[in-house]
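Two complexes, one shared chain (subunit A), two partners (subunit B, subunit C).
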Partner chain A sequence: MAGRPEGSAGAVIASRAVQIGFLISAVALWHLATVRGSVSPLLLPRPDAVLRELIDVLATGEFLGDLGVTLGELAAAFALSAAGGLAAGYLISRSRYWIEVFEPLLAGAYSIPIILFLPLYILLFGLGPASKIALGATISFFPIAMNTIAGFGSVEKIHIVAARSMGCSQYQLFRRVLVPAALPVIATGLRMGFTVALLAILGSETISSLSGLGHRIVHLAENMHMARMFAYIAFAVAIAVVLNVVATLLEERGKRS
Partner chain B sequence: MRTLHSLRSPGASRLWVVLALLGVWEIAARGFVDKMFLSPPSRVFSSLDAVLRTPGVPEALVITLWELGAAFALSVALGLAIGLAVGLPRFSRRSFLPIVLLLYGMPQITILPLFILYFGIGPASKIAFGVSHGVFPVIVTVAAGVQNVKPILLLAARSMGASRAQVFRRVILPHMIPSFFAGMRFAMSATLLGVLLAELYVSSAGIGHFTTLFTQNLDPTRLLGLVALLAAMAIVLNGIVRRAEVKTGRFRSA
Partner chain C sequence: MTAPGAAIRIRNVSHHFGEEGDPQRVVALRDATLEVARGELLCLIGPSGCGKSTLLNIAGGLVAPSEGTVEIGEMRVRGPLPREVAYVFQESALFPWSTVAENVKLGMLFQGVPEAEREARAESALEAVGLAEFAQHFPDQLSGGMRQRAALARALSLQTEILLMDEPFGALDEQTRMILGEDLSVLLAEHRKSIIFVTHSLGEAAFLADRVAVFSARPGTIKKIIEVDEPHPRRPAFVTSAKFHALRDELYSLLHDEIRKTVSESALARASRDGAAADAGG
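Up next is the complex of A and B:
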């Protein structure tokens, strides 16, 4: 941008001040609406009540069971989709022809909201963790497979020819040329897959399940334990943010190596 | 590989892949999985009209489509307004865009029960939840589109004496169009996701009511038929928005 420097110290401080002010006024508004105003605690609990519940949830360790279920489902779903997506993506990427055959299919399938399969998966796999794992794995398979194809498919031909002409074996070609060249794109695919798997699992737990963080929130909502429900929402959001930050950091590392 | 290429077109092979998958599904459903839980594709497709003749299903599809349309329109209108307000002034972009991105990054699915509590189990909660998914991509792409106007163009317009309104109308708006349409495409798939999530969670008359009903009645034929209809609807809607995006892209570069 022409004119004033974009990142001058004064402007940055002013922006931070506005952000902090925004957050403070949001909480203040919440406080005023519930404590002074006439908003029913059944619709919006008081901020201090939510904080008390959150501390209680954390102190008693009540969250451990549900968190364990959700993380276990996530780990299983991601392991399945990463293995399947990487393998399928690599095999397809071996030939231009197969890339042309499969890429539109994968992109087309990915444009369907895969959450639609949840009722079917519940029918097939039951209400327990299996249906959540299946949904999470299905949803995250597509970005992983597509990015694996894009990663291996975009390796410079000249690098492969050069490595071959210098007499490297098939394994050396894979290990020293293909994987390093494809890794940045694949890392992005894995991160995207992880994010959508997390959302799919929280979503399917919310819609119908017997345990997990999503189920806990719904259970509290149905029993009108509003303050505790808000506490669990804050907890689930914090977990999701932490997981996504970790995934992004790992992605950055994958890109650099 | 070249001979292969000339022998079979990728399109034909694609068709074979789809047919093979349907074949696997057919065999699995007939031979290996209990017919209470999975139905072969032949039976699903031949009973599509039975799904449509199920009392309430056509109405439910119309309600869902209507919820989608309303949520999409609201997402675009709100997203455009907020995106311009956040993206145009440099100060608000620097202050508020991080807050928008923070909210965008949160898993909204965790607050789905709140939407039901505030908006009821009817269409209003589906529309609101759809908007909560669809509005953010529009805000972000509009703000990014406004930001990407080349400074030299703004400078040129100003130095030729264009007023603020003229700069906005003649320089910023046309430059924003491509990213705005990209935002609409993201908003369409996000709105679809939001509305369908809310429908599946709880529904009194929309398609979520029937997916639950067919699941509980162990009626995989009609469940799969309904899912296929909805998937087709999603593909068509996404296709329309993508085509609009391609068209405007061509218009810009011309």
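Up next is the complex of A and C:
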């Protein structure tokens, strides 16, 4: 399969141009509204002021402490939910009965707004990173566990029969058939889990915390440092975009291997 | 055929799904007795649902029969025998996440072939089915016919004496099926394997088989065994010979009544089910 048809490559370039044009016009509108318009700089600072603050944040390295806290929480939460979700999902997928019992429970739990339990988590684990880790791990457990069940459940029966007919051991069946067959669906679950963990952690940092990017943003807002707050928001968005792109790339790799 | 030491002995095998008294109970197979001689290709043909695939799976130890026994060589079959029996299934049973070459080697890994041997054996098996150039392709990059060639290569690489083929060309178009049939006949003449080949194609059975076992409608049992006295490899010209046509006609007349029976039975079953539903509704 050598190359795509030209039309589709052209279409990609065209849609990228529209996306970039949209961003540029949003910034231009922002600029006009704050410089020419009557929007209060307390609500919406000028783009160049935000850019100056952003450069200062990056140059001084002030962001490092908060970024470290947020990323540390994310890594711990994701490690917990991935280990728990994969193990629980695999064990449940071994029996039709367990799938029938647990899948509706997991799906139900996934659909409730777990962030509402944040006050309880703070009572249990304190204001520091532990409550953010616990909340992030809880929220991301569900998509990982559900996709693991779906992944192992989607293995074609004929592949298992064929492997058995050739004499595979239980371990070989797991390693060479079940895991590669389930991996595409599991990879999607891990990516979804990662994304919701990031959202939960940033969100809960803004509600009540002692440190982290979310905490910094709320702190700046409360002290009316609007330009610096916007700079931190832009920085957090950039970090989130980078993390999600990396997670998506890893997911694609998981699907191909 | 009374070849000394049959490759497979199937004795009084019956199989049913569901327990006695269960309204859903299906007797798939009743008292089938059959021997496959060494180096012979035996075709099983019959109406759909007659239990021919079930019998194949019982012969290879993938399904335990409700009654009766199967022996391979001197061994009683109680489970899969990867060193004696290799399968080619109807649907693509290739692993889609592995290349063609990896698929072939994975089969040998499962079977317990030492790593040093796998590469060379995979290469020669793919060569034999004409897929050497496609070793690094993934199954979904191949046509249906090529996928079944790859599945055949995987089975050949296992170097078993017995090959069980469950409608291996069933999902292919007529022309691809003819070519694969010819190639299979050539391969078999070289490898001398003992084969059970399930098919629903009269032409395929007449072209490939040394013997054809014709099944009756459900509960399936062997109605008649027909010998095909024609050496392998079978030439394409065999298809146009009077002998081939006589064979095909004989198979057709044997099968025709059984297929009618199956169709009218399933129509009756549907009618009585619909009747019951209408009663319940009214």
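A few points about this structure:
Note that in this section the second predicted complex is superposed on the first by the 235 of 257 C-alpha atoms of A that agree within 3 Å, B and C clash if a C-alpha of one lies under 4 Å from a C-alpha of the other, contacts with A are read in each partner's own complex, and residues count from 1 in each chain.
We adopt the following convention: a residue touches a chain if its C-beta (ideal position, glycine included) is under 8 Å from a C-beta of that chain, and two chains touch if they have at least 3 such contacts.
This one's a predicted model, so the numbers in the text were calculated from it and none came from an experiment.
When both complexes are superposed on subunit A, subunit B and subunit C end up sitting side by side without clashing. More residues of subunit A are in touch with B than with the other of subunit B and subunit C. Within the superposed three-chain model, A:181 lies in touch with subunit C and out of touch with subunit B [touch as defined at top].
In the superposition on chain A, A:207 contacts subunit B only, with no contact to subunit C.
Of the two partner chains placed by superposition, only subunit C is touched by A:172; subunit B is not.
Shared-chain residue A:164: touches subunit C; no touch with subunit B. Note on the composite model: angle subunit B-subunit A-subunit C, taken at the C-alpha centres, equals 90°, rounded to the nearest 10. Once the two complexes are overlaid on the shared chain, A:108 sits against subunit B while remaining clear of subunit C. In the superposition on chain A, no contact is made by A:36 with either subunit B or subunit C. Between subunit B and subunit C in the chain A overlay, the least Cα distance found is 11 Å. Residues common to the contacts of subunit A with subunit B and with subunit C across the two structures: none. Across the complex, subunit A is touched by residues 60, 62, 80, 82-83, 85-87, 89, 91, 93, 95, 97-98, 106-107, 109-112, 158 of subunit C.
Listed in rising order, the residues of subunit B touching subunit A in the complex are 1, 4-5, 10, 13-14, 17-18, 33, 37-38, 90-91, 94-96, 98-99, 105-107, 109-114, 116-118, 151, 154-155, 189, 192-193, 196-197, 200-201, 211-212, 214-215, 218, 220, 223-224, 227, 230-231, 234-235, 238.
Of all residues in subunit A, those touching subunit C in their complex are 158-159, 161-169, 172, 176-177, 180-181, 183, 257.
Contact residues on subunit A toward subunit B in their complex (touch as defined above): 1-2, 6, 11-12, 14-15, 18-19, 22, 43, 95-97, 100-102, 104-105, 108, 111-113, 115-120, 122-124, 198-199, 202-203, 206-207, 213-214, 217-218, 221-222, 229, 233, 236-237, 240-241, 244.
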